[in-house]
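First chain written, first letter: the chains are A, B, C and D, and each begins at residue 1.
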Amino acid sequence: MSPVLITFYFLAAFTLATAFLTIYSKNPIHSAIYLVLCMVSIMGHYLLLNAQFVAIVQLIVYAGAIMVLMLFTIMLMNLNKEDEVHKPRITRLGAIVVFILMSMVLITIFINSKTIMGEYDSTGEDFQSIKVLGKVLLNEYMVPFEFASILLLVAMIGTVLLTKKEKDQK
Amino acid sequence: MIENILNIIGIENYIFLTVLLFCIGVFGVLYRRNAIIVFMSIEIMLNAVNLLFVAFSTYHQDAEGQVFVFFSMAVAAAEVAVGLAILVSVFRNLGSIDIDNLKNLKG
Amino acid sequence: MDVTTLLILLLIGAVATLVSGDKLASKVALLFSLVAFGLSINLLLQFNQGTDIGFVSNWIANPKVALALKADGLSMAMVLLTTALTPLIILSSFGNSFNNSKNFYALVLFMAFAMVGTFLAADGLLYYIFWELALIPIYFIALIWGNGDVEERKKAVVKFFIYTLAGSLFMLVGFAYLYSKAGSFLLEDLYKLELSNQEQFWIFFAFFLAYAIKIPIIPFHTWQAKVYQKAPTVGTMLLSGIMLKMGLYSVIRWQLPIAPDAAKEYMPILIGLSIAGVIYGSIVALRQKDLKKLLAYSSLAHVGLIAAGCYTLTADGLNGAVYQMIAHGFVIVGLFFAAEVIFRRFETRKIDELGGIRSQASGFTSMFMILVLASVALPGTYNFVGEFTVLYSLSQVNIWFAVIGGTTIILGAYYMLKMFQNVMLGETNTKVFKDVNVSEAIVFVVIIGFLLFFGLYPKPINDLVNPAIKEILAVINR
Amino acid sequence: MDTNLALLLLLSPFVGFLFNIFFGKKVSKGISGAIGTLTVVVSFLLSICFFAQLNQNGKPFEISLFDWIQVSNFKLDFGILLDQLSLLWLLFVTGIGSLIHLYSISYMHDDENMHKFFAYLNLFVFFMITLVVGNNLLVMFIGWEGVGLCSYLLIGFWYKNQPYNDAAKKAFIMNRIGDLGFLIGMFIIAALFSTLNYAEIKSAVASGDANSALLGLAALCLFIGACGKSAQLPLYTWLPDAMAGPTPVSALIHAATMVTAGIFMVTRMNFLFDLTPDVQNIIAIVGAITALVAASIGLLQNDIKKVLAYSTVSQLGLMFLALGLGAYTVAVFHVITHAFFKACLFLGSGSVIHGLHGEQDMRKMGGLRKAMPITFWTMMISTLAIAGIFPFAGFWSKDEILMVAFGHNKALWIVASIASIMTAFYMFRLMYLTFFREFRGTEEQKHHLHESPKLITIPLVILAVLAVIGGAINLPGSMWLNHFLEPVLVAKHEAHHLGTQEFILMGIALVGAIIGIVWANAKYIKQGFVPKEDAEIVGFSKTIYNKYYVDEFYTFLIVKPLNGLSNFFRTTLEPALGKVVYGFGTVANGIGSQGKKLQNGNIGLYLFVFVIGICAIITYLFIAQ
């Protein structure tokens, strides 16, 4: 057992546990906090894979921006009480069945398809430094990149419009 | 020459991890009534996919997978922003964000 | 000159009627229908000289659809029936006034256009388009200008529309399948198809549904009586006089030659069903209280006999069916017109409330009587020629079919005479009944003249129809 | 030339019909009647011409006018055939027709629709001529249905009276039942021989290779047609009801001419019936039973015209008996003599009714002998003729029927003899009740009693004379009719020699008739018996008086179930069928409204279903792999 592997297992267990707790916690605030932890652990995976840029972005966007937004919303709505009514039992049972079924199915699929995986190769090139990524992003993916910015702009305008109080509403 | 880290961990471990993470997300969507938690479940699913992208990017030694993760994060950010805005206005109108109480999506 | 001129004329007539304004509309429509009749007579003369008056031209490349209009004796007979009845029907409506009469008469002419198209089309898809096109005007005519309670009328008319449309869809599916086999919708290509028994079965019954509803054969007749009752008399005449014949014509032209083996295999069932319609229609007609409904059921009985003739697959059966179609077309228009004449004066169609008209209007009584007698196929009227030929063909298939089908002459006499007695005879009615005026008399006299003339001298129609039927029979027995 | 004359013979009454229907109202009643009569007289004269011609050269006259119906295996033209049989019929149809037209001028003079009456009568004569002169069965069928139509029109002539219209309708429909048989018979013959022309059928039958079972069926079907038209069991009930029509109509159509069409047809097709002995037996039995049943009903009827109607049915039964025994000439002979005396009787009863202003009940008559001597004497002669008293016409013809019956089957002979005795009884009952003893009507009627005008009595006298001498055409010994008709009939006639047996039979028949007369005399003259009121009739006589309840039986067995079925169809089955069709709509509607519930706008549910759906798809793909 190499330290890397141990790290991976630890991180994986942490990720799954926090993800599960996110869903299972009754208090939305707790959920949000578990989700932050989940995001951070995923960042850990990225670092393990040496994807520094994505890891940083993950931290900033998810753990930072998005989660703050969520927390704000939760608090705005004053949802920190544990007053959520459960879904009907049959639905919950269905959810669990689906969960188990899906996991089994997907895992079986990937186990079955393992044979066509080749050897892990290493080109030796530095393919995931910020420098390389930036070149790819701003050369080949220039147009989608710009579209992404437009998308974000539109999302911002939309959000503002949606949340604005309509004056002439009775 | 840097050794490929997947030689140590193995891509299948990542696959199992992401599958489980994704299924937890699905479970959350089905299980909860609180719209924000459902939202979070969706984020978990997105993250599971992102993680798989990055893992395969490493597997193929190719940066494009990470570029895609970048885009998906941008979309996720936009989605969260708009979605939460909608939730806020829903809450303002109905006083609740329980998805089972949202019954007006019909003509 | 070919048959397209006739179609174009009718279409122009419809448009001209639409723009002529409400006051002139009926006259313009009458004029155009008369010109169309003259034109079709002219076409008939050309046809008899051996000129080819058909028309073929490409239309849609993919799927391959052609504007193919073919005129043989059968088509010409049906076209003449349509163009001869249309002016009569328009003339018969002169005693009524309609709101928006320009729309009304334009729809009548448009319907004539569609029906003529149906009788001429020699391309499956074109035929289907005309077939469905004919449904649209009658829908509006019955819905907008009909009588009785609006809600009930709407219910009946919408039922009729959806019912016939649904039946026709099966025919469309049948055509689509035939296209996939033949690569063309052309009639002659479809005639050449060699279909397996299984295929023939499905094609036959897809077509059968469409036609059985239109004709109608029991138990697909439920739309009929209500619609006849609710539609304005012009609409009823168009429906019963011509539109029913579209179904019967199509049986001869499309259904039998394309799937002859299926027709042969199921012949007893088909004839049995048709004859059951004869008996059923007659028995139901016995106790009807509404004049138009009674006539509707009598029509059901008569078309049942015609359909039985078609399904015998003998030359006599098919010929007789065509004769009977023509005869029934005229007589039923006349009878419905008689009902309308009574309604104009007494404002009722309830048989109980009528009676005692004979002493007030002897001219009308005589004409009505002759129509009633023609309807029960008294020898000397054209109906007898048709009924005799059809019953003879049935007797050749199985004598019992003829015996059971022949009860129509007993039951028919029973319900028609009973109706006549209750409507026309008895103590003089307290209400005043004015005898028929000129335009009404013309309609009656033309119809009666036609029926009596051809009843004694049917040869011209025989000579027109027989060769065409012979050709079709050759295809059926290929 | 002959063609034109033949056409004139056929169309002359039709011209009269057209004139009367279109212009009859504008001209005076006299002219209308005169034209109606004249056109028939023209036909009569032409018939005589053709008859004379035929007597000279013995060749039948046949022409084809134009093509008519054409079916796959044969073609029919509208042809005229004037041979011995058709000319014989033409003579008495147009002859008696002329007399009755003449009679009607006076009889119908008070009716406002007299021109219509003449129009219909002319139309009837036209159709009757068509029936007789056609050279194939289908032309006969035109006339056959045509006379049925005229019968309908004339029975319902007083159309304001709905029971009369019912009687007319009944006659038409009963006839149509027979017509269907006729039609089917024609179909079988056409299928067998590919023709309907008499001559061609005859030669085809003679070749003898036809399927005898089918031939029998054809003959039976034709006989059913004859039953309808000639009022035989079980289709006879329309004829007594048909007395609703004006009396000249009863005389012309329902006694002398139309009802004999069935006999004409069977005689025409004699070559066919000769080959089917089973059917002949049926005909004979039906005829005998009809004769007996109708005669027994006639015993107790009180309506003067009803008695005559049942008498007609009974006499027609005797004629069919003769036909069934293959004695066609004898039947034809009786048709002719019967036409004379029955027409005379009807016209005489019409004269009586005329004199009493419409009274038809014999219980309210009596003692008319003095007031109406001509009517009385002519009717008396005819009554003697129908009763079969020597030497009146009826004696000879009826006697021959009885003789033929005796020769074939003693049982039939006994039945026919009983019917004859009954005939003598009820006819004299009629005479006694009507003309003898004192008048039983109202004082006012008594005051107005008078003999009918000349136009009524002249036809009566002529017919009475014919009823006396009519038997001369076929006296035993001369047998003129037999020889005359020989070319038409398949010659297999056994000649009667007048032996001892024949004379004994004649004697028995005569004695039988006299017994009937004496019986009637004893009951109605000596005892002065007057039939009871309707309500007082009890027991078996009530059954007879009510005509064995046959009408009620038919109503119960056919009309009621038919109407019930119609009601059931109309009120139950039709809506049910409609509901089945609506059912498709209802099902679609139901699916829609269930689906609508699914589409309830609940986002939570949508989300749930959506995710489950995706999972299901993935799982399915996995399993399907």
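By our rule, a contact is a pair of C-beta atoms (placed from the backbone, for glycine too) under 8 Å apart; a residue touches a chain by one contact, two chains touch by 3 or more.
None of these values were measured; they are calculated from a predicted model.
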Distance between chain centroids, defined by C-alpha means - chain A, chain D (Å): 104
Would you mind pulling out the distance in Å between where the CA atoms of chain B average out and where those of chain C do? 68
Averaged over CA atoms, how far is the centre of chain C from the centre of chain D? Could you give it in whole Å? 37
Between chain B and chain D, what distance separates the C-alpha centroids? Give it in angstrom. 99
Per-residue multi-chain contacts in chain D, two or more chains: 608, 611-612, 615
Which residues belonging to chain A are in contact with no fewer than two other chains? 91, 94, 98, 102, 106
I need the residues of chain B touching at least two other chains; which ones are they? 26, 30, 33, 98, 100
Pick one for the touching-chains graph, please: line, ring, star, complete, other. other
All pairs of touching chains, please: list them by chain label. A-B, A-D, B-D, C-D
Over in the complex, which chain A residues touch chain B? Could you list them? 2, 4-5, 8, 12, 15-16, 19-20, 22-23, 28, 31-32, 35, 38-39, 42, 45-46, 48-51, 53-54, 57-58, 61-62, 65-66, 69-70, 73-74, 76-77, 79, 84-87, 91-92, 94-96, 98-99, 102-103, 106-107, 110-111, 114, 117, 120-125, 127-128, 132-133, 136-137, 141, 144, 148, 151-152, 154-156, 158-159, 162-163
Chain D contact footprint on chain A (complex, rising order): 91, 94, 98, 101-102, 105-106, 108-109
Seen from chain B, its contact residues with chain D in the complex are 26, 29-30, 33, 38, 98-106
Okay, in this complex, where on chain B does chain A touch? 1-9, 11-17, 19-28, 30-34, 36-37, 39-41, 43-44, 47, 50-51, 54-55, 57-59, 61-64, 66-67, 69-71, 73-82, 84-89, 91, 97-98, 100
Chain C contact footprint on chain D (complex, rising order): 21, 66-72, 78, 138, 141-142, 144-146, 149, 152, 156, 159-160, 162, 165-166, 169, 172-173, 176-177, 179-180, 183-184, 187-188, 190-191, 217, 562-563, 565-567, 569-570, 574, 577-578, 580-582, 585
